[in-house]
Amino acid sequence: METTITPRSLGKPGILSDVLAFYAILRREWTIFTRYPSWIIALFIWPLIFPMLYILTARALSGPDGSGLAVFIQTTGATDYIGYIIVGTTVWMWQNIVLWDVGFSLRNEQMRGTLESNWLSPTWRFSYLLGHTGPQIVSMAMFIAITALEFGLMFGVRLNGSGWMLALMMLAAIPAIYGLGFAFASLVITVKEANAFVFLIRGLVMIFCGITFPVAILPEWMQSFAKWLPQTYLIHGMRAAAFSNAGVNELLPDLIPLISFGIFWLLVGYFTFLWMERRARRTGAIGQY
Amino acid sequence: MSDIAIQANQLVKKFPARPGTGDKPLEGGAAPKSGKKRWQFWKKEPKAMFTAVNGVDLQIQRGEIFGLLGPNGAGKSTTIRMLCTLLEPTSGSAQVNGFDVVKQANEVRRNLGTLLAGERSIYWKLTGRENLEYFAALYHIPQVIAKKRVDELLERMELRERANELVEKYSTGMRQRIAIAKALLARPPILLLDEPTLGLDPQAARNLRELIAQLKQEGHTILLTTHYMEEADQLSDRIGIIDTGKVIALDTPEGLKRRIDQKEVIRLEVTGWHDELGDKLKSITGIENLMTRRQGEADLWEVNMQAHNSRTAIPRIVEHISGNGTRLVNMNIVKPSLEDVFIHLTGKALRD
Amino acid sequence: MEITTLSQPSLLTQLRALFVIARKDWKVFWRYPLNAVSSVFQPIIWITPVYFMGKAFSTNGQATGFAAYSGSGDYMSYILLGTILTNFILTVFWGMGYALKEDMDAGVLESNWLTPVSRLLILVGRTLTSLLTTTITSTAMLIIGATLFGFKPTGNTFAALLTAIPMLVGLYGFGFAFAGIILLMREANTLVDVGSFLVQGFSGTNFPVKSLPYWLIPVSLMLPLTYGLDAVRGLLLETRTLFPINVEIIILIVFMFLMLWGGAQIFYRVERQVRILGTLGQH
């Protein structure tokens, strides 16, 4: 007599298992990140050095007698040029890091050859990307906090407004910034010299969004283009919240476009991902590099 | 000209050890105590060293093919790197074509063609031809001669048609062929080939072995390293087996096999293998060096062992095997191969 | 049957080796076209925020605060020149140092080191191409920058170019030392990133050294690039220089020889260490 045993898979699909898988990806990302010795420099030194070039240039522009500074205060309405600049550069850094981190997350797995093994697991695949985002947000929050701390301690940059409003602005920006990252991640897998695209996007942010200057100074046509970039609103709103004591009402003109763009880019990111996934299943491109 | 193409005298190479991996101290209390008195804190600890090569002697005759075999971590690649001047020995000396590898490094390089790391050793953003022309110039080959030589080698390696395409578009086999052509550019009397057939399909590997045999006919001396036993057996005039930094055997393939001639190799194929069975078999007198290997995904195991006298051993083997869910599918008594010699000498398989 | 090598070293073959190395780097550089284009536009992108920021500090197109430090209110011409130097700095750090590491990881460095050519010569060959390609991309960048932001050299162009030569040669001499150190490092990214940034910051590429907090100025004064850039600007834009131009030129020339000699020494020393430690080709 023979009894046949039908093998039964141990995996039980459902919301709980998706959440657990999500958490597992989170943990793995964090572990890998902290295993590179240079992460300390990335987290502590870069927040300081990157804005410094612009700050020192601004200092030079102020002149030994501060005559230039007077002009600046008139043009921008901001008295603290250091605070003004670091808001802009921090936003730029944020988008830059997200493009590299989240943007290349799938590509890196592809190069390492582990994309396929991840793909073979039955988890909802978009959560894979979302998983990359978790630790990323945490480290970004640390990055921003450290920036604020370092500049607060060393240069006396002080908040003139509500920390909550500032946090609100940044929270509202998450969909836009990461949505862009998701769209990127899906494109990067199929494109060869993806680096060039990162340079392009962060270049646009650098030129149009007013990271070290008021957007009002730009020529008309550039200002019109700037209105289409969510980072413009983020920078403007953060400056208002941090240094001009802006409340929710004053921030609405920035919050609304920011959130709208956020929803837009999240959808773009999601659908690009679906498109890429379908295409990969057709052409078998996942395993190739 | 001397009959000896490559000479190595007591080559030793030590590397600074990572913590916990340094050379183990000798038995019997000869270990230096690291306990310093507290007031001696400024005295530096002697740095822990790891000995990769521990006194290697080699004499490779002109015109011969010499195979160097060894398991991973045996010191094979370290020895090779010392011979081709990429690494400086900690002590000992070596001469290639009569030139000292440390003091006359450039002369050694002029006379040595090397194949290391195959397809990673050439420029992917250059064409095959550009790669060869580039390296020809670095080998100081006069331009007129170089041009002819490059054409000649492209022809010989059957790459003439695709010579003007970027290497990044070549297959692995083609890249390997360019790498070999590069090694042959300066028509060096001595060639050092590190795992030349690794990653090649069987036909390509066969072509390459033919090429190596031809090169020997043409008068080149060849030092070859490989993981493939049959290849070493087939091509080499002599073989050196290296393990834990020393040459533990050096002889012709036949000579090496004769060493364990008194032994026979019993090869079993069984299903339902379990490890306790291995212990039982090992306890039979005259049985040594038991090795098991699973055949693919099925429940089929190949069990090899060496026996002094197969006649007395076999009944005991059959006794132990039958029953308990283990079934003997096949049994063979084979003449020892080079791989068996290897296992006999090192206790390890060549591929693990 | 006796086989003799085809290798016949002579002065001619040494020179040809140098040429061939430079030519190889040239070919490989242009075979990454997006990279070449990027190296022209990236600097433009980075100084655009500076341009607009400067406007926020200026009235009627003149930055009077800036003029008090540098002797000229034309901050964009000042910065464009600094950006050209930045190009060369980045090339030396990334092109020489980092590229060496990439060759090492790829396995191709070993191939080069197995040839009977001096390793320093290989580095010099790389340098030649690097100088040429960076000059080309910098010129392109200058033309575009001049169109967008305005560039008004009022001084002696020829003298300025002449002065740039010992500065660049010295920079590459430093590049030799840096390349050597990179050979030893397992992870080079951070060192190259931070290093290039600091050198940029302290040599006055984006702002007059005089505007730095006084306790940082000595660091700038230790960098030969500071004097070089200062002298070139002084000659080309007639800005006020830290020291008399003749003095700065002499300092430059002295540093040039020092860097060339020192850089080669350090490179040889480190290269020897690599041969002893065996880190080449392994990571």
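Order of writing sets the labels: A, B and C. Residues in every chain begin at 1.
Assume contacts are C-beta pairs under 8 Å (C-beta built on N, C-alpha and C of every residue); 3 or more make two chains touch, one makes a residue touch a chain.
The shown structure was predicted, so the numbers you read here are calculated from the model rather than taken from an experiment.
Taken as a contact graph, the chains are arranged in an open line, each linked only to its neighbours along the path. Centrality annotation: C (chain centre taken as mean Cα position, compared with the mean over all protein Cα atoms). Note on chain placement: the centre of subunit A and the centre of subunit B lie 50 Å apart, centres being C-alpha means.
The geometric centre of subunit B is 44 Å away from that of subunit C, both derived from CA atoms.
Chain geometry summary: the mean Cα position of subunit A and that of subunit C are 31 Å apart. The residues of subunit C that reach two or more other chains are 32, listed in rising order. Those residues of subunit B in touch with two or more other chains do not exist in this structure. On subunit A, the positions that touch subunit C within their shared complex are 36-38, 41-42, 45, 49, 52-54, 56-69, 71-72, 75-76, 85, 88, 193, 195-196, 199, 203, 206-207, 210-214, 217-218. Residues of subunit C touching subunit A in their complex: 32, 34-35, 38, 41-42, 45-46, 48-50, 52-59, 63-70, 75, 79, 187, 189-190, 194, 197-198, 200-201, 206-208, 211-212. Every residue of subunit B that touches subunit C in the complex is listed here, in rising order: 1, 13, 15-16, 63, 78, 81, 84-88, 106-107, 109-112, 114, 116-117, 120-126, 130, 133-135, 137-143, 145, 149, 166, 182, 185-189, 218-220.
The touching residues of subunit C, counted against subunit B in their complex, run 1-10, 12-14, 16-17, 19-21, 24, 27-28, 31-32, 106-108, 110-117, 272, 275-278, 280-281.
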